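When the chains are written out, they are named A, B and C in that same order, and each has its own residue count from 1.
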Amino acid sequence: MSIEKRLTDNGIILPEAPRPVANYIPATLVGKLLFVSGQLCLDQGKLNPDHIGKIGKNVTVENGVSAAKLCAINILAQAKAALGDLESIKSCVRLGGFINAAPGFTALPPIMNGASDLMVAILGEAGKHTRTTIGVAELPMGAAVEVEAIFEVK
Amino acid sequence: MSIEKRLTDNGIILPEAPRPVANYIPATLVGKLLFVSGQLCLDQGKLNPDHIGKIGKNVTVENGVSAAKLCAINILAQAKAALGDLESIKSCVRLGGFINAAPGFTALPPIMNGASDLMVAILGEAGKHTRTTIGVAELPMGAAVEVEAIFEVK
Amino acid sequence: MSIEKRLTDNGIILPEAPRPVANYIPATLVGKLLFVSGQLCLDQGKLNPDHIGKIGKNVTVENGVSAAKLCAINILAQAKAALGDLESIKSCVRLGGFINAAPGFTALPPIMNGASDLMVAILGEAGKHTRTTIGVAELPMGAAVEVEAIFEVK
């Protein structure tokens, strides 16, 4: 099944891939590796109030999972903008997950599953990746989740 | 000296390399680079109570160092499971160390040395790696240390 | 314009690239990728008191930006020591920025711009990189900022 069809089947419309406003770029291809900058849980370019703050405090687990999913969607949007076509992705190599965790909130992997599950839903077996999940002290704009990625291209 | 002999000489028995229960994988080879997912300080698959919590608060420095060593052992277990044989490792390229630090605990590098020293004890000069060590707010399951790795294979 | 000339024009004298005192190395080349260990905001090898602590608490935003710039300078010093000549850098692939953020301080990207801007000032368009910026709980020695890097070489 094509990646575009899987996006449609999952009801996902990739957002515009915003250009950073500072001296960095959203993605870069080096050899066969595509590095994607850390993506916040923006929803069509905006941070939903439900996705601002600390999971385990003012952000619910359910909203944390959807925040991680949004990060993964934004990663795919950046990959598509960089590559032209998601079909040129061979595999997702690594996701780095940064969870804005309230003190004592240690159930971080289920939050990060929101990103991992999306990647597999869209890329299939090729979406299975290595990952590292940590709880961070703060994230830009108070975002609940940030995720970075490395892909292998064909 | 062979890597297996160094493991024996150091009294290390690599644990079973557990498969993640979610949509990610413990290790993946891309070209000559082996990426290994963040490994917690599990001891033969279980988190020792001495290795749960924050270093500088309820986890001692000594237990923090042994926690970092366990992360490195689990990384080698995952590398062996992925490659079949640790002898195919050319070098350890990078370790990322995530220390569950109590507020004000900044002596993070000596903790991370538990992982770095193990890597060099087992891989010799090839075990010398770049590394980044940070203190994080929370880790999965309250683990004291998490370490991720990239290796180069022959 | 040469990289050395840009360093001079920006008034930057690269410091001695210190060797780590533990079992790790400051930089390693794997294929075309140069990995550089996380660098603290040392100024000619010492941590300025203005760059110790948490940004948004006892470290000002201005000092946070200069701390991030120092990290980038130290990264270039390590790259030069590893490669012999900065002219062999093809591009900066990725910066990972770790900001020692006071609780509630979320304006992390402007701090990290201190590193990103330096990289572009010295490497030009080749200095534009992907990046991930997070707020961490603690950093070694209480440093305000730590930055790690990956470069592509020619």
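Methods note: contacts are C-beta pairs under 8 Å (C-beta built on N, C-alpha and C of every residue); 3 or more make two chains touch, one makes a residue touch a chain.
Just so you know, these numbers come straight off a predicted model, no measurement behind them.
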Interface of copies chain A and chain B: same or different residues on the two sides (over or under half shared)? different
Rotating chain B onto its identical copy chain C by a Cα superposition takes an angle, to the nearest 5 degrees, of 120
For the pair chain A and chain B, the C-alpha centroid-to-centroid distance in angstrom is 25
Flagged in chain C as touching 2+ other chains are 31, 136-137
The chain C residues in contact with chain B across the complex are 22-28, 30-31, 35-38, 96, 98, 136-142, 146, 148
As the complex stands, chain C meets chain A at residues 31-33, 91, 93-95, 99, 101, 103-109, 113, 116-117, 119-120, 127-137, 150, 152
